[in-house]
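Next come two complexes, and both contain chain A; in the first it sits with chain B, in the second with chain C.
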Partner chain A sequence: MPSWSIPYVLLVPGILVIAGLLLYPMIQMVTMSFQSISLRVIRGVAEPKWVGLENYTKLFDNDIFWSSLRNTIVFAAVTVALTLILGTAVGVLLNRLSRRMSTFVIIGIMSAWAVPPVAQGTIWRWLFDAEAGIINWALNLLPDGLSTLVLGRADWTAQPWLNDAWSVYIVLVLTVVWASFPFVAVSVLAGLRGIPAELYEAARVDGSTPWHTFRKITFPLLKPVFAVLTILSIIWDFKVLSQLYVLLNGPTNREAFNLSLFSFAEAFKAPPKMGSGAAIAVVLTIILLVVTAFYTRQMVKQEDLT
Partner chain B sequence: MTPLARKRLNKITLNTAGVLVFLFAVFPVYWMVSTSFKANDQIFTTDFIPFPTHFTFEHIDTVLTDGVAGNSIWVYMRNSAIVALGTVLIGSAFALLAATAVARFRFKGRTSFLITLLIVQMIPTEALLIPLFLNVRRLGLYDNLLGLIVIQVGLTLPFGIWMLRTFVAAVPKSLEEAAWIDGASRFTTFWKVLFPLVAPGLVATSIFSFITAWNDLIFALVLMNDSTGYTMPVALQFFFGQRGTDWGAIMATSTLMTLPVIAFFLLVQRRMVSGLVAGAVKG
Partner chain C sequence: MRIAKITATTVTTAALALGLAACGSGETTTPQPQASASASGPKFAGQSITVWRLGDPNEPSQKYMDDLVAEFKTQTGATANVQWIPWPQVNDKFTAAAAGGEGPDVTEIGNDQVPLWQSQDALAPVTSITTGGEHAQIPKNLFGLETIDGEVYAMPWGAGTRAVMYRKDWFEDLKIEPPKTWDELVAAAKKIQDEKGKDVDGFAFNGGSDANHLLGALAWSEGGEYAVKEGDKWVGKLTDPAFKTGFETYTGLVTSGVSGKSRLTLNTTDIRTRFSNGKVGMYLTASWDIATIKEESKGKVKEDQMAFFPLPSKSGGETPAFFGGNDITVWNDAKNKELATEFVKLATSKKWADRYALDGGLLPVYPDTLAELAKDPAQAPFAAAFAKAKAFPADPQWTEANETKAVLQNAARSVIEGKATADEALAKANKELEDILNQS
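For the complex of A and B:
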């Protein structure tokens, strides 16, 4: 075997998998978004019909598309922000705790991070259960005056959290932040431990306030870590599906759909509209590629790719 | 306040914050586990029952013997394990080969390959659900765990290669060159020198792939038709919507599904994080 061919031989399985299972399906997805795909096509006994932009024009006339788009974007923005803030705060906290205490807390937050998304959904659905859920019990413990003042009501008995879209999203934000802040915290901690202690020593000698130290030393040095964490969180939170699926008990409440669930419901709920589902998937993919384009460019520049 | 008193107060505040974070993280997990051991009268109540004082194995027993959707939970556990292990075995082998190629060789097309690798990671995998579903049907792999394995290999491979190449690159080239000079063949060099040194990285990427495949709901949901082929996440959906929601059984199943993952996480916690971040920060 000539030595120039070795890397190519090693790459054959990888390239086949990536081309066959990711790139080709992506082209198919775009093609399908311009087609009407009937049940006969799915069974493989008919050819798909070309319909041009019809899937898209119908989609843009559909209120559910716009509410799904809104839900996707607002949810991602809120969740990414909360996850990063809470995660960073906990990371900084962990760095200041004693070794014993920080190990204890890390073990705790790792167990939240490890919970599979579907189980995250079942757990939080149970916590927010209208009849026997612990959240309604806890809210009823609040003094009535305070509860009315802050939350607008005093009696939380049998409050059905998972009926309305807005309250479903409160639960979903909580669920996803709960499950994803540990990763941010542990990454920030790893970054912090890499910062030389002398820098902080010098800042302390110069009389820098904690906030000032964070802004002038910690944040700039951790910038690459934050960049990665932000991008990863955006990618994960834009397409949250399993947790929402469980909280909504499947694709039922259309007002509470996000783009992933809407695409799934269009394509797989009777009657299947795969073309329309593909069009939604295209929109979601374009949004993600645009949002992450800047980061991808930075990576390509920074990396030793050549 | 004296400096000493302030220091002590500071420490108390920090530790309290630490305990609160711990409780926020752990309580939902604890609640899942404790619900699965509570008798029904302690589950379906508007009171707060912190510990299962009417401790029972009833729910675990029910899900393991009666199960849901016509099969014991063991069947779904087995299916999930087959898919996850299959994904790991095939995926790791492919990832190791490709990672060695990009970390050890300079060749034409290498940059394009790496950029492609980076970009495909930005594609939401859920978006590929529809074409992949149709392709799997055409290939006759519908309702077959093998179809699910193939798909999971595709979804986890780009990240696997991306992460593993940093581990390969970290092994000093001189080691291989020494073996090479001593007359070892290419294969021996790879197998006896590179492989053992990359093994920790391989474990980290394998666990990542295992968990991704283990956790998947949506692909298993559309690709498996017969209930004997369901994986854990799919089976869990069938507890809802039967007359009344059997929270004891749901939490017992969720616990059974979660424990292996928690064990993995605690095992490789440090390596997972450094791998994820390093793989993404500078490679």
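For the complex of A and C:
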């Protein structure tokens, strides 16, 4: 075997797995998005019908698509930012704790991360329940004056958090940030542990403030970590489905759909419309690919420079 | 930069691995118990079929199925395995079964669901049953939704209409008479909330998968219609003043505070659970809920604390109720259609169909049994509603408008939240309803 071929041979098993499990379904999905696929097609008693761009034109005419797109993007932007800020802050904090204490805190926050998505949704749905929820109860405990001053109202009895799209998304942001910041925190901590202590000592000798140290030493050194975490968070937050499904009590409230839930409702609720469901999924995939490609380029560029 | 790079790689790898793990979920399948084969005995000895019953089992319905299955075994020698599917999951389960998943051989089905599932090739014709013997006594007008292109795709098993279930003991405590007009109903609901707490729904708003049972009754009572077929096209009638009046009565349940604003997506099953917990004074349902509530509330709500009255209309008199009915039929993928048809035939014979209806709180499909039942004062509200019963548009796409897209539920939500006027919301809903019903 010529030596140049070794990398390729080593790559083959991985490529085969990706091709079988990812590429083939992706091609299938794109094909389906140009077809009308009813249950009868899935049952094998009818042939899929080519409809050209009809699934897409119908989709772009649909108000629900545009509100879903808006919900998806705004949610991802807010959640990614909050997750990274909170995660980094906690990571830096963990680095200053003693070994035993930081292990303790890590176990604590990682258990939030380990909660399965449906359970996350259930937990927060109960917390924000209009009548039995602890949030409304706690807001009512605030002194009336303070509550009115800060939040604009004193009485929170039976406040229906999960009706209106925007308040559902407040709860969803909390749910997802709560469950995903620990991963960022621990990754940042791992990165921080790798930065030589001499740099910080030198900074201290030079009289640098903590903020300055973070900006001039920590952040540049951890930039690759942040780049990866940002991409991952974007991918994860664009795809949120289970938590939203649980918070909304199923796909009924269409104003609060995001693209994933919209795609799911189209493709799998009776009568299933796999074609338009696939079209939504294609749009979501393209958005994600563009965003990811952009960030990956940035990342590669930076590494070339350093 | 080495360390940072390694960290980055590690993070990526770990995340990908976790991502994959998260994706790898599988659907759980229930193993099919195989009946033990016996060499001798009746024709189908040793074979088995799966029967789907819809709803949550309660004591009488469970007992009924046990007896029916035993009778089936005696007659055919075959075993029937009964599985219960809660109503809100029915369409999802049918979808999965029709797409090639684990399905039934015989299934119960809502009569308004028959056109949809027939159009998806999921049901087998059972026309042969209807022509012979006592089955011919079932009135032909009960086969309206079931007859498609001359073939009957499901057998009527029991007819269900809806009436208002109320807490009889609360009414007696608070000295409220069962309401005869809509205004009285709202007044009664307010009084219940004043006395029993603000988190109690005086009259529960249904905004879930079966919301149109309530909205339909209110709209029909004003003379409104969802849509009518003109030629081969459906024309939406949601913007007609009559429908609008009914729609406003419906949203008024929440805007007047009679039902909590935080509960806009509850279906009858969710409301029943709240009723069992003493959080609902009145709601629209069928009489089968009595047995379930008795069990579910674990004695908190007893049988003598529940009663029914016909839903009064805004303009006076009783509302036309949704003409509901439960059918039973042969699933098209049944492995042994002959045996499955035998089960349907037995279940809809006079003896077993009558008992199905009477034990389950439905109206019997055999006319003489129905006439007998109408004399019973407890059943009178249902018989009264049955006389005026109306059905939703008979179209395979109705289920999509009704449950999947929840067109009118979303229209009601936007009005309740003050984002649109009833006119705006209904105009939008009307267009969508037409689009859905007229798609090929």
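Convention: the second predicted complex is superposed on the first by the 277 of 306 C-alpha atoms of A that agree within 3 Å, B and C clash if a C-alpha of one lies under 4 Å from a C-alpha of the other, contacts with A are read in each partner's own complex, and residues count from 1 in each chain.
The rule we apply is simple: a contact is a pair of C-beta atoms (placed from the backbone, for glycine too) under 8 Å apart; a residue touches a chain by one contact, two chains touch by 3 or more.
Every value quoted in this text rests on a predicted model; they were computed, and no experiment measured them.
Residue contacts after overlaying the shared chain place A:M101 against chain B, while chain C stays out of touching range. When the two structures are aligned on the shared chain, A:V228 is found in touch with chain B and with chain C. Set against each other, chain B and chain C differ in how many residues of chain A they touch, and the higher count belongs to B. By the document's definition of touching, of the two partners only chain C reaches A:K269; chain B does not. Legend: residue contacts after superposition of the two complexes on their common chain; A:G250 is shown touching both chain B and chain C. Shared-chain residue A:I217: touches no atom of chain B or chain C.
Contact with chain B, but none with chain C, is seen for A:L10 once the two complexes are overlaid on the shared chain. After overlaying the two complexes on the shared chain, residue contacts for A:S187 are found with chain B and with chain C alike. Contacts of A:I109 after superposition on the shared chain: chain B is touched, whereas chain C is not.
When the two complexes are overlaid on their common chain A, residue A:D164 makes contact with chain C while staying clear of chain B.
Residues 42, 117, 131, 157, 183, 187, 190-191, 224-225, 228, 232, 249-250, 268, 303, 306 of chain A touch chain B in one complex and chain C in the other. On the chain A side of its complex with chain B, the touching residues are 4, 6-8, 10-11, 13-15, 17-18, 20-26, 28-29, 32, 42, 44, 90, 93-94, 96-97, 101-102, 104-119, 122-124, 126-127, 129, 131-132, 134, 136-138, 157, 178, 182-183, 186-187, 190-191, 224-225, 228, 231-232, 235, 238-239, 241-242, 245-246, 249-250, 260, 263-264, 267-268, 274, 277-278, 281-282, 284-285, 288-289, 292, 296, 299-300, 302-306. Residues 38-40, 42-43, 45, 117, 130-131, 157-164, 183, 187, 190-191, 194-195, 221-225, 227-229, 232, 248-250, 252-255, 265, 268-272, 303, 306 of chain A touch chain C in their complex. Residues of chain B touching chain A in their complex: 14-15, 17-19, 21-26, 28-29, 31-32, 35, 43-48, 93-95, 97-98, 100-102, 104-105, 107, 110-111, 113-135, 137-138, 150-151, 153-155, 157-158, 161, 186, 211, 214-215, 217-218, 222, 232-233, 236-237, 240-241, 245, 247, 250-251, 254, 257-258, 261-262, 264-266, 269, 273-274, 276-277, 280-283. Those residues of chain C that touch chain A in the complex are listed here as 1, 3-8, 10-12, 15, 22, 91-92, 94-95, 98-100, 116, 119-122, 198-199, 207-209, 260-265, 396-397, 399-400, 403-406, 409-410, 413-414, 417.
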